[in-house]
Amino acid sequence: MSGFDWSVGLAALVLAPFVGGLLRGIDRKLTARMQGRIGPPIWQQFYDFFKLIGKARAATTKGSLVWIWGYLLLTMLTVFMLFAQQDLLIIFFILAFAGACLAFGAFSVRSPYSQIGAHREIMQMLSYEPILLLAVVAIFLQTGTFKVSGIFEYGQPLLFTLPLAFVAVLIALTIKLRKSPFDISASEHAHQELVRGVYTEYSGRFLALIELTHWYELVLILAFVALFWAQPLWVGVLLALAVYFLELIVDNVEARLQWNWMLSISWAAGVGLILLNIIMIEMFFGNVLRL
Amino acid sequence: MGLVAKARVKSPWIVHYCCSSCNGCDIEILACLTPLYDVERFGVLNIGNPKHADLLVVTGPVNKRNVRVLENIYNQMPAPKLVMAVGACACTGGVFHNCYNILGGIDKVIPVNVYVPGCAARPEAIIDGVVLALDKLSKIK
Amino acid sequence: MPWMMPNILKNLFSSPATRKYPFETRQYWAGARGQLQIDLARCVFCGLCQRICPAQAITQYGNKKDPDVTIDYNPFACIYCARCAEKCPSGAIYIHESHAVPADRKITYGRNDISLSKGELS
Amino acid sequence: MSRITFPFGPQHPVLPEGIQLSLTCEDEKVVEVRPVIGYMHRGIEKAAERNPYPNNVFLCERICGICSFIHALSYCQLVEELMKVEVPPRARYLRVVWSELSRMHSHLLWLGLLADSFGFESLFMQCWRARETVLDILEMTTGQRVIQSSCIVGGVRRDINADQARQVREMLNKVKTEIDAVLPVFQKDYTIKARTVGKGVLPKGQAWTLGAVGPMLRASGWAWDCRSLGYAAYGELGFEPVVENGGDSYARTMVRARELVQSYELVLRALDSMPEGELAVKVKGAPPAGEAIMRTEQPRGELFEYARGNGTQQLERLKIRTPTFANLPALLAMLPGCEIADVPVIVLSIDPCIACTER
Amino acid sequence: MTYFMNEIAVDKGALGLTVQQLLDENCRLATTVCLDQGDYFEVLYYFHRDLDLVTLRVKVGKDEELPSISGLHLPAALIENEMKEFFGINITDIAIDFQGRMLLTEASLQKPMLKNNANRMEG
Amino acid sequence: MAGDTLIAILILLPMATAAAGLAVKDQLRRPLIIIPSAVLIAASLMLLFQVLEHGPLTFTPAPAWGSVILVLELALLAYFVYLGVVRRHVLVLGLGGLQFALFCLFKFAWLPSGFKAQPALHVDLLAVVLGLVISVVGALIVIYGLNYMDNHERHLKLSATRQHIFFFFLVGFLGAMNGVVFANSLLWLFFFWEITTLCCYHLIRHDLTAEAEQSALRALWMNLFGGVALLTGMTLTYQVSGTLSLLDLTGFGPVGPVLLLPLALFCVAGFTKAAQVPFQSWLLGAMVAPTPVSALLHSATMVKAGVYLVLRLAPAYEGTYLSALLAVFGAFVFMVASLLAISQRISKRVLAYSTIASLGLVVCLAGINTGLAIAAAVALIIFHAVTKGLLFLVVGIMEQGIHSRDIEDMEGLITRLPVISGLAILGMIVMLFVPFGVLFTKWASIQAAATPFSDLYPLAVVFLALGSAAGMVFWVRWIGRLISNVSAADAPPAEPRPEPWRSVSYLVVFSLLAGAVALSALAAPLVSSLINPTVAAMGYSPALDTAGWHLATPYGFFSPWVLFIIIALALLLPVLLVRIRPEEVQPVYLCGENQPATGPTFRSIADQATPAQTGGIYWTRTFGEQSLNTWVNGAGIVLLAALIVGVIV
């Protein structure tokens, strides 16, 4: 790991919250506009964040707070590792640990709403984890390495040969970003049968931590999407932004589905598409490891 | 901390509780969130969970059963918090003043910071109330 | 087929429907029942409004003939049904179209708080 | 099987009103529902025995702010029946206009809330945006948005003049355009169908015996609508109930969607055929000793009122059986066996009005 | 109003039988109305027969028991609970018994709808 | 000490101890078991160094031993037939009889008298790794069993102790296991293999309940089926190649197509022992046995014998159709066992399914058959034995504390039995999350599966991805149930000290946990010093680079100790730094109807206080055995049939 990788990773750690917060702000603004409203200012997420920091401390158990810190720090670790061009498999394993920390935090409070939310959270992980892992495998089949650096060395856009895997990643993205139709464990919107799902029992600065983690997560996921067009990178960034916009549209044209729909869609469609894509690679594009 | 104080005014999250209201004010509060009035311009989110909220919006008079719910929700909100009573009933009991199961306005149970008159309170009045509440928030140190 | 798509795209590319209250105030409809005003100069203190008010928002203190007879009106109890304005024999009660304003305490107009004789409501 | 027991309400983001459903679930499947009500109980029936009978119009309106006009209408018709007062024809037509406008605003509100119950926020916004125009019409013609206070014993308080009628037509056309943009979403959207079709099924026989009324009953295949009784001017406007046969949440949505269009047509028809004349007759005296009942069709179903007079200004007894009260047993029968995620959809599919139920 | 109303005066002992007959004719309960007539209660059962109504009128002494019809017709349970709560009328064997705590709480005025029960003026 | 002495100690000492245990008094049992256990551990370590230093050991005992074994073997086979008769179990009788007949035919009719498979025992690195696992983990579990069985019998209120029988089979089993992994002659292998079957049967039925009897019989007939497969394979091997030595089979790279059928049969035998689909039901039934049995036989050692055989033969079928199908089959088992585990709420059944899944992964890796895959398989065997042994033992202590195996009864156990729950949570984290060894093997296996080892690799990799996500679900939920904060008032009373807290049991658990964590953090040295040489000894080129104590494959990079430090900091710093004052503690959100009392209680119907219950969700309708088993078993049988039929064709 070179010094350059270190500095890029650290820079990402510092910048990601700003980018993520701003993107979330734009998200809320655009959503409002799609609903015919003016919507909040695009800095709204930062206002929310600092307001939450200033609230009185209140908690249900210490355990839940500890896990939330784990959620934040591990997500930060994944962001660092992605930008420092490390092994994608390991990054997604750590991301899974981070996601599990969120579930643990919700589990450690004996509140029905947060516990049902936590169960749904792990169901979400069951839905998106295979897609992410298989997408990494599909990338590997093209680049011959699991390292992010390999994608940059690969030189040509992955999107050409991995179109179906890309679509599958979009499904995982919808789940991970908690957008309709898959916002089942905790919704960005308030009106949900589980109140706020896994976040129900957090308040004040700990909610702010969760918000911060979401910003990191957003950056991580969009950076992963950008990898599908890593050379030149600016196209990848545009691609990621376009995907984010697409997610907003999807969020606004779909009702929330239930977990069994989510599972069957992500497994049947998502995993199926990637499998198809791998077969396509074998049949038409050629597997780099066999060449 | 200046940043926090500034942010506080920009991001009041509300939790709405309907005591024994006739729904008239409730639907007007919801109407405030919808495109034509859109209080999210002021950063208002209807968050639905007292633990996340800064502003408790109450409609309707308190009755003998929901008095404990109201107290509980108020206690679960972390400081700094404000209470807004929307509609004649929430302020004083209104037209239900002589019903046997009614205790009266919600200020008999929890301290109220902003009273919004009207039956039902018009969305404009509610927005005025929110603005007034923000003004009060900015004075909290 | 996402059937909501045309709606949201139309919204996205047209100006928002939001009324920019409080920065722009919309014209009130003629005859809207917004707030109540009692003109004590014209009031004959017959007590009818107090009797017919369904919310007991109007209280008259003292008898018609008393020198310090006055009326107390609580806009926070008023349900704005305008029955008093309809029935008032002397036409001392008016309904205005603009909405009643919120306050941080329950101001009443009349005896206890703001004097009604000013005849002005902000 | 491990059990999860938790309260759903009284303060819950999905429920706008205070009712608690104490749910017991196995996995995510609801196995037991216990309703806890009383969070909205005020004691209006008793208060109505204390007030002079004309004041009760304003009290009854505030039983529920969503169907407030029809509550007032029902009470006025009840007292008119008790006192044998004949209402002028124009008043009867105006009452129909406002009733149907109330129904439109209530149904649009409900469609929005249903959309919100399955997390379709933009659709919620769209429905409520359409609803604002209806509220504008109501405010223009009656003076207030949701609680109109325009019905009194003996007639109505406000008129719709020719100029206003023209404006009403224009605004209604605007509403119609917006409704036409929204209804296909409810009707055809795949995800909405996934959340409503087959959810909360109430078979035809059960719907009747469990006492369901209104769109609940009509969605289960019964052409049963109190407007067929021909109160106010419905008898002259030619009215046919809307019926669907599915008996599930989707069918209920469709009933309300079609009623929305029907109401729009009824308003226009009423405006067209409205006779000139007095707005109200002067009602003298007090309700005589005797009984009367009145049944009207609220957006949520049949409203049943009973009054007993005793010759004084106060009524001896006023009993109000609201539609949600009748629909509750059906709700409790529909919930067990559904998923937790379906609870909001099924609860909303009866269009609960707890303020009505508990008075 | 264009509907028929039949009224039947029923002894409370025969109530169950009459209700069963009505249910067999595919009627259902619309609502019940309870009236405090000084020394006795008058209970009116309104039944829907399609769009028409059938009324049963039952007189119950203040300290007498009234058998519940919720065993025959479950939706009657809610309204019977309400009557029991509001009037203190002793209805026995309600299918779902809220023990007088359906709409009222301990702190509420008990049996509020009785004529001699003073209304509390508050607020 | 000479290598052959060590081998003899490792095989015979446990057997001798077992036999002695039958004779000595109860008071003497502790020293009688603890001292040989220590000797076993020492001997296995010495054997490891010996083999590392001098290369593989071969050893053929005196010919007299051959006759002894033959006699014992015949007795054993006859005993199985006898069991079938007295238990009136048709399958046991049939399979036992078939086995007996086939063995007699083979031994006396087909095999020339005096035939010797030379050498009888061969100890290479793979065998010694397995031997190490058996001896170290096994010995620790046996020591743990001492306290456990005391508690167990106290709980059952037995009048006379049956521990001597229990330890006879448990300790004797260790010798048999060592025999299985050290055997080179298929005849010897078969003998030890049958002994493990016997021990397994007796240990499962130890409690003598009806359920235990039934489960034991099921385990017996399924293992007998495996025995028949092994025997048939052996016969065919001899008919085809004239040899009965494993060295001959694996020593010269891929075998000819004629030998594939016996190899496939050996694999089927391995599958029965390793409880792969569709034979998984015996392992689940076996969970009625006392926990040390589950830990020793059903997770750490005996089931490993099955995958050991598959892995041992891997060089023989490298690059064949059999290999590719094995990979798919193993990955399939990994996926379905993980999915089935989601619906389980009996803790030991969860562990059983997870064991099946891990073994499936080993089979898959053996099928992938590349250097990376084999390295991952060896690593997984080590890590899995340590971690799963640990988890079983922890569950055993928990079970005796709360008298339940139900995960739902473990809700909030962290407040009641903090030490043991903490150990359990750590164990599961070691099992599940990233810097730890099991995850390292998962990382390596996905890489191995993604390299196109055959045309079927997309299927294998998809199964692996789905299975690893499913694994997440049940572990996370289980941890979640443990950490749910039940206040002391709500909790049903647990036995205050189920185990004296500094007891031997805890010592064993602690040392296993320490071992798992240390091995994980030091995965790189482990790979470079043990796993890479093992893989090389099996004839593969080692694919893992361990420079700087990082692990690197040609395709990826993973640094266990760096991540270990970072993640430990990320989780431990908040524990130390986050403080909440008592006045900041708030009740949970219950829609505003909290009852002002301790614990989540809300006021419900008629203002009555109702406790809010938070149960686990098991998605039984989706992942339950009832909805999945038919499909799973059907697919498993189809895959096995494809294996056999494909090999024949």
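Worth pointing out:
Letters A, B, C, D, E and F name the chains as they come in the text, with residue numbers starting at 1 for each one.
Keep this in mind: a residue touches a chain if its C-beta (ideal position, glycine included) is under 8 Å from a C-beta of that chain, and two chains touch if they have at least 3 such contacts.
Predicted model only: the values in this text are computed from it and were never measured.
Pairwise, the chains sharing the most contacting C-beta pairs are A-F. A centroid comparison over C-alpha atoms places F as the chain most distant from chain B. The chain occupying the central position, as judged from C-alpha centroids, is A. Centre to centre, using the average C-alpha position, chain B and chain F are separated by 60 Å. The geometric centre of chain B is 20 Å away from that of chain C, both derived from CA atoms. Chain B and chain D have Cα centroids separated by 26 Å. Residue positions of chain C touching 2 or more other chains, listed in rising order: 2-4, 8, 16-18, 54-55, 79-81.
Residues of chain A found to touch two or more other chains are 32, 34-39, 56-58, 112-113, 115-116, 119, 190-192, 195, 200-201, 203, 252-254. The set of chain E residues that touch two or more partner chains comprises 101-105, 109, 112, 119. Arrangement of the chains shown, judged by which pairs touch: an irregular graph that fits none of the line, ring, star or complete shapes. Contact between chains, as defined at the top, is found for A-B, A-C, A-D, A-F, B-C, B-D, B-E, B-F, C-D, D-E, D-F, E-F.
Those residues of chain C lying in contact with chain A across their complex are 2-5, 8-9, 11-12, 14, 16-18, 20.
Those residues of chain F lying in contact with chain D across their complex are 345, 408, 590-593, 602, 604-605, 610-621. For chain C in complex with chain D, the residues that touch the partner chain are 1-4, 6-8, 17, 29-33, 52, 54-55, 79-83, 86. Against chain F, the residues of chain E that register as touching in their complex are 98-102, 105-106. Listing the residues of chain D that touch chain A in their complex gives 4-6, 8, 12-14, 28, 115-123, 125-126, 129, 189, 191-192, 194-195, 339-344.
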